[in-house]
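Next, two complexes with chain A in common: one pairs it with chain B, the other with chain C.
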Partner chain A sequence: MASEGIRNPKHEQLGRAKLDPDLIKEVEARGGKNAQMCYQCGTCTASCPMGPRSGLRVRTIMRKANLGMREVLDDPDLWLCTTCYTCSDRCPRRIMATDAIIALRNLATQEHKVPMSMIKIMGSISKTGHGVPNSEGNKKKRVLLGLPENPPTTHSYPEYIKDINKILEVTGLLKIKEEMEAENQ
Partner chain B sequence: MDEEKRIGVFVCHCGTNIAGVINVKELVEYAKTLPHVAHAEDYTYMCSTPGQSMIKDRIKEFNLNGTVVAACSPRLHEPTFRKATEEGGVNSFLFTMSNIREQDTWVHMEEPEKAMEKAKDLVRMEVARASKLEPLTPKTVPVEKAALVIGAGIAGIQASLELADAGIKTYLVEKEPSIGGMMSRLDKTFPTLDCSQCILTPKMVDVERNPNIELMTYSEVEGISGYIGNFDVTIRKKSRYVYEDKCNGCGKCQEVCPVSRPNEFDLGLQPRKAAYVPFPQAVPLKFTIDMDSCIKCDLCKGEEACGELEAIDFDKPDELITVKVGTIIVATGFDMYDVERKEEWGYKVFDNVVTGIEFERLIGASGPTGGKVIRPSDGKTPKTVGFVLCAGSRDQDEEDGAKPYCSRVCCMYSLKHAHQLIEKIPGVVPYLFYMDIRSFGKAYEEFYYRIQREGGKFIRGRVARITEDPVTKNLFVTAEDTLLGAPLEMELDMVVLANAVVPAESTQKIKSLLTLSNSPDGFLLEAHPKLNPMSTTTDGVFLAGMCQGPRDIPDVVAHAAAAAAAASIPIHRGSVTLEPIYAIVDPEHCGGCATCIGLCPYGATELKTVDDKLVASVNEAKCKGCGTCGSACPSGAIKMQHFTNEQIMSEIEAFAQGW
Partner chain C sequence: MKEYNFFLGCIAPNRYPGIEASAVKTSRKFDIELSDFKGASCCPAPGAFGSMDVDAWLALGARNICLSEKEGKDIALICNGCYKSLFEANHRLKADPALKEKINAILANIDTEFQGTIEVRHLIDILYNDVGTEKVKESVEVPLTGLNVAIHYGCHLLKPKFDRTFGSSERPRFFDELVEALGATSVEYKEKMMCCGAGGGVRSYKIDLALDMCNEKLYNMTQANADVIVNVCPFCYLQLDRGQVEIKEKFGDVYDLPVLHYNQLLGIAQGMSPEELGLDANEIDVEPLLAKIL
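And then the complex of A and B:
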């Protein structure tokens, strides 16, 4: 009968966002175990090693997801989580906040809301099998330490890069990358 | 009294509470210099067993006939030291206590020298008083083997059943036509979700069947006189215009009655007739004719209705009944805050804003919709429902009559409402606007967890304003999500205001009849908030349930059982001992001016004819020894025992000696 809405002057530029009570269910279904049970104690934010160094506030992300604010998917801070799982470890309601963030990232990616820097990393993976490929400086350091120039990865076995690209294709990531690159031309 | 006064002074260290601030040895030496002091000594804890033994032994050793203990407040240990004195063979009223802790070392701990001086003053004053004290003997009075319980909600029901089961004749008085109170209006009870009626009605039936309970419904207490053990109670049995002994509850009068008016039991959400019972499970199941709305058509008396039973009589008068009881339990319950006064929430302006108790009737199986939740404006099923918690609680706005305290039930019943909605309406989203969720009881936090799991949405922020779409009748609810720091405006189908619990209007009359007091929150004042929450400052009068303060059903039941236990003690003991600290009138000096009678806050003074002369007299059992009468008596005819003019003057004189 009635539609729920949210008017938030702070986000007026986003227009009038709708509250989507199903968002948190999607997050839970995609692995964010117990995400709905967050009672906003802040243990996650306080445990987060990125917290003091960036704008990443896990509690706020959990709050927005619970309230059904889909604009959380546009939040660039979502991509600052290092997935160390400290927050999930300490959560008093046994919420896998890290997995919830990963679920939100997946949703954001599907909606083409992934930052272009991540798309670039995806390009690097597609090309080299590494998000951060080996560099000339690194190679020198490895030799100094008595290691081979390249680790035993796609850097040493470039014939497997095509398999990695198969994964990117099956998961749809390659398509999203191409579409987003086209959108951002 | 002509015997030489030999007073012992005992100074307590109270660990470091006293000894850490002043020099107790110096105080002991000082005490020894005071007139009448035969012995002075100090000890770490006078209240301990060796401390008490010391008093006993020294009385014998030094042949003392008076004791002064300089320690804490007499509220704490006066009874302890009285007993020790008595055990030493000295009348316990020849003991007095000097409070050098609360009134000295605690408040002056930053200035120990001055505290020392004050301690000397206090001890000197108490020694002077002790030299003037007179031995007194406590009186005992017999206790009537019956109790009165006022109010028959769950508190009064529980208290009555406990008393009756303990073999005590119990008069249970209820002003409404049926017992059951507020609990009978509830659908389910948190957190176990028991059906409220299902757990309450067996108790209601027990009340009706218990041979020790004399139930008086549609009745009000009109007068109470007397004192613990011997209360005379006048009860008005309002006329139902139906003879209770003849009415068989068949309901034919109701069927034929043409009058329709809102049923108070359902908060006016459905109609009742002028001949009615408030709800089907009413106890007693006796019909009442509401004379204010009856049109005297006589249909109810006709052949088709009451007919030969002849239970209906429009001229049946009220009855006044007097009963004698030993103790009284007040269980007068509570009212709900008039949330209409919070104009920003639009209650009674917007159709789809209802109160928590109205929602109880709307969702209740016995309610007007048979438990089908609809919104009032159009009868449609709501899909989004807002709950405004702390609606009038935790709010200092006196102008709106809001209450500063937490009502203690709203968090939980709103959680329960959210659960019931989710259970009944697929896809419904309950939004709970809260400041804190207070789920403190057994299995309450788990219930909160459960509702969150079921999909209840929690928004931490108090609703600032509700507006209405005049066409759809949907509501716009404005609040801040304080966890995001973002203002929100949500469009909802319906809003439930969890309004505060407030002291019952009807308690006021009982309060003045029993000379009870109230705490700043307006609820009845208990004797001690922690250690005696079921007693009052009026001996023999006890409190059960919400009349003393907001509490949930388990706490009400526990409180009521505690009150019943406390109320049964004097009855089972058979007699009570009265403190001999009361006023006595010297009839020779009393002029019968009656000044004292108007002033006595306990109604303990009255005029009596003694030897053909009208004089004041004091009821020893009702007198609290406050001294108001004595200080106002123009002819000085009233003596306050244990606080005589002579005793008080001696203290003042002793104080002045230090200057």
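And then the complex of A and C:
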């Protein structure tokens, strides 16, 4: 049950009806450990290789998450982190900011705010077991190297794919994929 | 002889099979057998897949680990992305009983249980820590003297450092030592530890930004007179190799800097032919590089 949240007149003026103090708890529960410890020093933003060429600001994301601003889940820049973990390794508070971003992406996925490029990768894994499946041209290259046309993975043993789909099903991901594919048709 | 289940991942077997072939062939020189790992899947891709659901990412990673647990074999792999997925799933589930219980509840649906009985190793870790640079040096038949190598460690091999065993992620040395053991020179270049730009799903989401980062790395490498980029991650490999073609098309910058996996460089030094190492699968022509060393 989401709490009432902290009302802030300034945010109401900006159209932000309320802040959600549970957001940061959700982030921590999904792997963004100690995210509440952030004291906004900015080492993360300063270390980020994506920052200078885009709108990605890790410190801002951490602040918004801590304030409970759920609109951070709509931010397209959330998906520009390459997960290099430089910010996490340098954080003086030992916060895994990268894992906090991944946790926010998980929450965005629940709300169908995940880019379709990610859903496509899931679709490929669901169908073949591989995010990047084999190709006809590559099969020829494999044979020239003395390797079998297909590697001994799910490509050679497709009977294992049903277990993968079972995991996608029970974690709710298959449903999200199907719903988003229908929405984006 | 030490035998491992060889976890292939996706890009090595399905895009650059020379990486797979060279790993098997070069490892045999050290009495290491990389065996067929039946039924393994995508690790799954940590950035793209973990971003959708961390628990599903851990459960799918654990499914791969459990297949090897049943055979009682440790896992060896050759990709930093696979390393993040499987090494982290393995050691997190071993260290955190509550997490193990949570993931095992998912795995119960496929009659599988994570036990925590095996190890997950990156081949570069096995080469450095088990084989050692001295034995690597002894295996060299064609010393790569005069070859300037720009080493790209790749992020998920080293980071997050608290989830790894390699120590510093700012100035590591072990990969440099393994390259130098072949007679080559590891050149220092600006922002050496910077990401290639491909991870986190960014390459498929906003390729121009992924390539902009890659472009900066390539520029810094050429400024240091590198003859070749050597890495241990097929996804970085794809970004650095195919990325050069895309960067030429999109931004007009040309580098023509060949890209090799460490196992391919090791294979050349061990006297193997470029054909048996699959170097012809690369976008960027390796001929100028071979002309320099062979």
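Quick note on the criterion: the second predicted complex is superposed on the first by the 138 of 185 C-alpha atoms of A that agree within 3 Å, B and C clash if a C-alpha of one lies under 4 Å from a C-alpha of the other, contacts with A are read in each partner's own complex, and residues count from 1 in each chain.
Here is the rule we use: a contact is a pair of C-beta atoms (placed from the backbone, for glycine too) under 8 Å apart; a residue touches a chain by one contact, two chains touch by 3 or more.
All of these numbers come straight from a predicted model, not from anything done at the bench.
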When both partners are placed on the shared chain, which of chain B and chain C touches more of chain A: C
Touching partner for A:Ala182 - first (chain B), second (chain C), both, neither: neither
Which of chain B and chain C A:Gln40 touches, first, second, both or neither: first
First (chain B), second (chain C), both or neither touched by A:Lys64: first
Partner chain(s) touched by A:Ser88 [first = chain B, second = chain C, both, neither]: second
Touching partner for A:Pro133 - first (chain B), second (chain C), both, neither: second
On chain A, the residue positions that both chain B and chain C contact, one per complex: none
Of all residues in chain A, those that touch chain C in their complex: 30-31, 49-50, 53-54, 79-86, 88-89, 94, 96, 98, 102-103, 105-106, 109, 114-115, 117-122, 125, 129-135, 138, 141-142, 144-147, 151-154, 156-157, 159-161, 163-164, 166-168, 170-173, 176
Complex interface listing, chain C residues touching chain A: 8, 10-11, 13-15, 17-18, 20-21, 36-42, 44-56, 59-60, 63, 106-107, 109-110, 112, 155-156, 159-162, 169-170, 191, 193-195, 197-202, 204-206, 209-210, 212-213, 275-276, 278, 280-281
Sites on chain A touched by chain B in the complex: 1-11, 19, 21, 36-37, 39-40, 59-60, 63-64, 66-67, 93
Interfacial residue positions of chain B with respect to chain A in the complex: 380-384, 429, 449, 452-453, 455, 457-460, 472, 474, 481, 483-484, 486-493
